[in-house]
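Look for subunit A in each of the two complexes below; its partner is subunit B in the first and subunit C in the second.
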Partner chain A sequence: MAETPWITPAAAIAESFPDGLKELGPRVQVNLRGDVTDSTFVNAVKTATGLDLPDAPNKVAAGKECKALWLSPDEWLLVGEGEAASLVQSLEEALSGQYVAINDVSANRTIFEISGPYCHQVLMKSSEVDFHPRAFAPGNCVQTLIAKSQAIVEQVGREMFHIYVRNSFSRYAGAWLAEALVEYSETS
Partner chain B sequence: MLNIDCPWCGKRHETEFHYGGEAHIARPEDPAKLEDTEWAEFLFMRTNTKGYFAERWLHSHGCRRWFNVIRNTVTHDIVGSYKMGEKPPKLPKRTGDAK
Partner chain C sequence: MTQAFRTTSGGRIDRRKAINFTFNGQSYIGYEGDTLASALLANGVHLLGRSFKYHRPRGIVAAGAEEPNSMVQLGEGATTEPNIRATQISLYEGLTASSVNVWPNVEFDISAINGLFAKIMTAGFYNKTFMWPRSMWMKLYEPVIRRAAGWGKAPTQTDPDIYDHMHLHVEVMVVGGGPAGLMAALAAGRAGARVLLVDEQSEFGGSLLSKKRQIGAKDEAGWIADMAAELEAMPDVTLLSRSTAFGYYDHNYLCVLEQKTDHLPAAERKGKVRQRVWHIRAGQVVLATGAHERPLVFADNDRPGIMLAGSVQTYVNRYGVLPGKKMVLFTNNDAAYEAAIDLQAAGGDVVAIIDCRHEVSGELVDAARALDIEILAGYAITGTSGGKRVESVEVRAIQKGAKVYTSAARQIDCDLVAMSGGWSPVVHLFSQSQGQLEYDEEKVCFLPGKPRQAQQVAGALAGQFTLKECLAGGYKAGADAARATGFTPKRKPAAPEIEEPDLGGIEPFWIVPGSRPIGEGMAKHFVDLQNDTTAADIELAVREGFESVEHIKRYTLTGFGTDQGKTSNINALAILSGILDKPIPKVGTTTFRPPYTPVSYGALAGRNLGDWSDPVRVTSIHDWHVENGALFENVGQWKRPWYFPKAGETMHEALNRECLAVRNAVGVLDASTLGKIDIRGPDAAEFLNRIYTNAWAKLGIGRVRYGLMCHEDGMVFDDGTTARLAEDRFLMTTTTGGAASVLDWLEEYLQTEWPELKVYCTSVTEQWATVSIAGPKAGAVLKKLAPEMDLSHENFPFLSFKEGTVAGLKARVFRISFTGELSYEINVPWANGLALWEAVMAAGAEFDITPYGTESMHILRAEKGFIIVGQETDGTTTPQDLGMDWIVSKKKPDFIGKRSFTRSDTARPDRKQLVGLLTETPDDVLPEGAQLVFDPNVPKPIPMAGHVTSSYYSAALGRSIALALVKGGHGRKGQKIFAPLEGKTVTAEIVDPVLYDKEGERLNG
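And now, the complex of A and B:
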């Protein structure tokens, strides 16, 4: 298949993002659904990806090639680098015959990385979820609204978050995050 | 604004949810056998409760699960949430009573 360049609506403004905000390049994103109480399913996913799927809400499990974000009691977003097709294929092989859903959703969302001393304030401005360190830590993720658009927020470091936004909202969400970050950087 | 307790995700802001109306309305076993008035009864008629009310909510911007909430329609006091198929929490004695 011919290479299609990765261009999201946010790319138009990403060059003017302040320090501490950037749009990441394309990542492999595969949506996986299945029954986490079924050990056949859990073991097959482990064989295919090395991942122990998190069954606790809003947790991230890290593996070698990819990580798994809890989305709902039977749904995870697998995120990694490389080829989505090969991850989908290895999952399909390991899970063949089981009652599951495996979908490549790599082009669904783009990812903003926000980092530095003001990232918590930017999130607090953008959402009702408590992102204070006493309530939220690296390895946690949530699906919520960021400035009214649906997003997945994952904390990847003490002062670093990844915000997954639907491509069609990415220019709006990117502009919002940039504006918020500038606001706090300049007033502090 | 309400803070609603999703049985999976925990307390979240009302804007993440969609309202689904009265809970525990069983679909008729054999809809084809119903008279029009009985079908209309099932589809449209709801209790207009003043006080504690069992209602469905969808965590549409979160885990996308339906669940039930007991909420006071007068005071907005929320007694608790429970998953589909679970037993509702005990109701406070009188309308408007504190928990």
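And now, the complex of A and C:
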């Protein structure tokens, strides 16, 4: 690594990304907490979003407008396109009076996309989690560390992953992922 | 003379591919497939270095990881590496290596004179000698003697190579790619398991690389190639050669060092990862780590040219090298005869086989006899001669079972002695995995007992010394491992016809008896070649009262060093067992610890170097700070602007300018790093009541309150402001460094202590970028940006917040202050941070708005006596110590820390309490951390009265200011206190910590 990533402007770091790595534009991200064993809650979420919230660990449920990533037994990250405010509002209305937490976290994390034949190797360099196809597949997500940055990793295709990291870690994580790919970029 | 000891055919080297290399300045040629050791032997070079203590000439003993002697300095400059075994260096074009522990050179070494003083350099020499006089440590012991005893030199330049780490999960991991390991991998792979096979060698095959065997229709090379090809074709089988499993930890977690480019010429390594540490999590582990041959312990058994028999066989069969042309074999077992037979077949001359057993018979013995090799049964080598290479051995008949000779000495000339004391299974990883060892009397070795982890053992490690046993044992282990991880093994293939000799038996023989007791005379019976430990040293250690094998190890150094006693441990404890007259299993073994073979620091560090050591976190406004010349300060993992010097400005001048701007006009601070936690639920207010020391139930919606958090011990651990967003919803801010630990703290209490509370916590730290404007003109700036917002003190009072539009951005504005000035913290979604900042700068231009950093923030808050957690507090500070009793509720039934405030220790009056300090000389700025005393003139040691926690020059006050924790400080206002510094003592007056605008009039601008 030639230059210190924290002094390099963010745009310059992004420009140097090799094939197979990019930072996605903003997505709607809403953090939702509630009791999945309570059918009132589950039904209201379904009404508001069309989503059947996954109750199995590390699963992603896809809906029309957005998808829900399982984060913990009572926590999901809803991710979609469009307006965060309207998603928050429809959730607030549907869940009014219930014991829930709804937070617009669209700006909280940025999303990197890694793709191509080497994305599994990049993850093997970066995380202790088993991302082998036998253990992890499209429709799975997991909270882990990418190098030393907290992250959510979601598999979106056979050879494509989305990596959600906190914004403040984006230069570190972006530079790390780029570096992890270099070995393969040169040989491919 | 080029490669005079190379055979004309045979071996796994490629004679068409010559490789040039340099050793000790001399150029040589080897072949592709060679190790440095085999190439040197091919060129007749045996003398590789000098021994640790006595500087005796030493040569190559083994052919693999067990090699105790042939450590070299590999490479030059930044990439040089010390103490690498020549037996483990794959030869590459341009390789440069030199001897270690020699001066001026290996042929003539001055320290060899140590040999003459050998009598005093016995066990415990260091402990006994370097005690007195103490002053000699710096002059003689450290610089001179340490150098004489040291090995290679560590590089002094930064390592330019790339290292990294990878994680791999498999159902079955197989360690060792010999016949057993290959079969295990095959069985598990065919069953469908994800398999990893690792082997430290350059190619798979293990012991088969050194032996001639027919397996079914194939010879050994063909069989290995078939196995490797089938494994490679399996998509979920990972094969790693040149990869050493060096550590075996709990839960089948193993670490492997893969050497990816160490075998390549320098030009081909550029830009590539040199070494990779693999972190493996395996469902089952099959250990097939093989066995190491044991040397025999006899007089002067350390001369170059005295080697392990199996290693001689390896050099002959694998590398096409005759390590000598006139060989004597010394053995206590049949298997070693094969080395003699193979050397003879390759063109060498075996002049005699010295077998310490009195009755010898068997297939290999007969084969040796058929070659007309003289076999002296019931004999032993009782001495050797030769300077830099063995020239002859002295042999005598020995009485069976007794420690005496029964014949006169006979001299046999030779240039090579092959020795074999039997084989020790490589139990290192098994032992690291906490498995217990069991001693096998018949096989004369320790074998793995009951495993403690999900694990199988196979091959020589499991005492399966024949190829037939290895193949069957390996397959079974692999199949069992696959089954244990949920796979169904395929039917076992029919066992192939294997041609191998009957390996016969072994008789334990630990030390050659002498006519005089061991240790008398000049002869040395080396046990540990790397540490120059002799049998006499072990005897001496026992005489001096050491009996535990662990103590003996430390006193005699047996088993230390880069080889960790792979060839010496068992001999040492067998000799110890003889001295103590205790059976070997009762003596026990020393502890095997990772790493199995040395691992460089570079490999362990991987990519976590320099800027990668720890994540660097930055805000969305960071690029602006960089462009505008900010200097940065580390706050937790964050880089925060420290201050913004203008061209030519000193730090002092910059801070004065920034602080005065806030006091007189307006300053702007990037406060995005503060932790933010959304707290929501019907019990949110009750939860805060229990977490914070003050009361929260009655906080109005739209209002903000400052709070302190304590741990159960009553000590402050975080602070910040929390706003009530709704009846059931709060937004808590934490310190920058404390954000994660506060969230953990909240979750811990919610999940373990108060599960009945209905509260959810959500971290939103990086949802919001925060721009804080402070100063008498802050309101004017905000007014320009948010003309719609009612900023009147009645409708937007101190400690309240509003939602609205600022600079066209949806924002939350908090009216709080850490400077004592009128101040607004404007929060916008993270990505809008820079846009907001630039809008603030533009709007503030007419007031000369001044960006300031953490240092000015610290000064401004210190002028107001506001604490910083971690600076004024250190985990032993209560709110009362800080003079903040006002924030500790007397009415609440309970909160975390409450009961601790009534403990006698937290209630005592002479605790260290927060005060302000004003130095007698206004320009004296006390160093932070300076110790304080009430009376500097009392005899030393002077009782300590406290310490300075914060200290600055205050431009607003035109003098230095300090905060300090002083014993009983609250009752000492007006008293003098002293800071005895180097060269001078500074006098200061104890004052109230609030030094600026005591009345708080400036809060309203």
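To be clear about the criterion, the second predicted complex is superposed on the first by the 174 of 188 C-alpha atoms of A that agree within 3 Å, B and C clash if a C-alpha of one lies under 4 Å from a C-alpha of the other, contacts with A are read in each partner's own complex, and residues count from 1 in each chain.
FYI, a contact is a pair of C-beta atoms (placed from the backbone, for glycine too) under 8 Å apart; a residue touches a chain by one contact, two chains touch by 3 or more.
Source: prediction; values computed, not measured.
> Identify the partner contact of A:L71: answer first if only subunit B is touched, second if only subunit C is, both if each is, neither if none is.
Once the two structures are laid over each other on A, A:L71 reaches subunit B alone.
> Where does A:N31 make contact in the superposed view: on subunit B (first), on subunit C (second), on both, or on neither?
A:N31 sits against subunit C, while subunit B stays out of touch.
> By residue count, is subunit A touched more by subunit B or by subunit C?
Of the two chains, more subunit A residues are contacted by C.
> Of the partners subunit B and subunit C, which touch A:W176 in the superposed model: first, second, both, neither?
It touches subunit C, and subunit B stays clear.
> Quick check for you: in the superposed arrangement, does A:Q143 touch first (subunit B), second (subunit C), both or neither?
The answer is first: A:Q143 touches subunit B but not subunit C.
> For A:P57, using the defined touch cut-off, is the partner it touches subunit B, subunit C, both, or neither? Pick first, second, both or neither.
first
> Classify the contacts of A:S90 with the two partner chains as first (subunit B alone), second (subunit C alone), both, or neither.
Neither partner.
> Which partner chains sit in contact with A:V105 here, subunit B, subunit C, both or neither? Use first/second/both/neither.
After superposing on A, A:V105 lies in contact with subunit C but is clear of subunit B.
> Identify the partner contact of A:A10: answer first if only subunit B is touched, second if only subunit C is, both if each is, neither if none is.
Second partner only.
> Report, in rising order, the residues of subunit A that make contact with subunit B in one complex and with subunit C in the other.
In the superposed arrangement, which is not itself an observed complex, subunit A uses residues 128-129, 148 for both subunit B and subunit C.
> Enumerate the contact residues on subunit C facing subunit A in the complex.
Answer in residue numbers: 164-169, 194, 236, 271-273, 279, 281, 607-608, 610-612, 614-620, 622-623, 626, 638-639, 673, 678, 680-682, 758, 760, 762-768, 829-832.
> What residues of subunit A sit close enough to touch subunit C in their complex?
1, 4-7, 9-10, 26, 31, 33, 74, 99-101, 103-109, 121, 124-125, 127-130, 132, 134-135, 147-149, 166-169, 171-173, 176, 179-180, 183, 186
> Using the touch definition from the top, list the residues of subunit A that touch subunit B in their complex.
Within the complex, subunit A contacts subunit B at residues 57-58, 71-73, 75, 128-129, 142-145, 148, 150.
> Subunit A touches which residues of subunit B in the complex?
Counting only subunit B, the residues touching subunit A are 8-10, 12-13, 15-16, 61-65.
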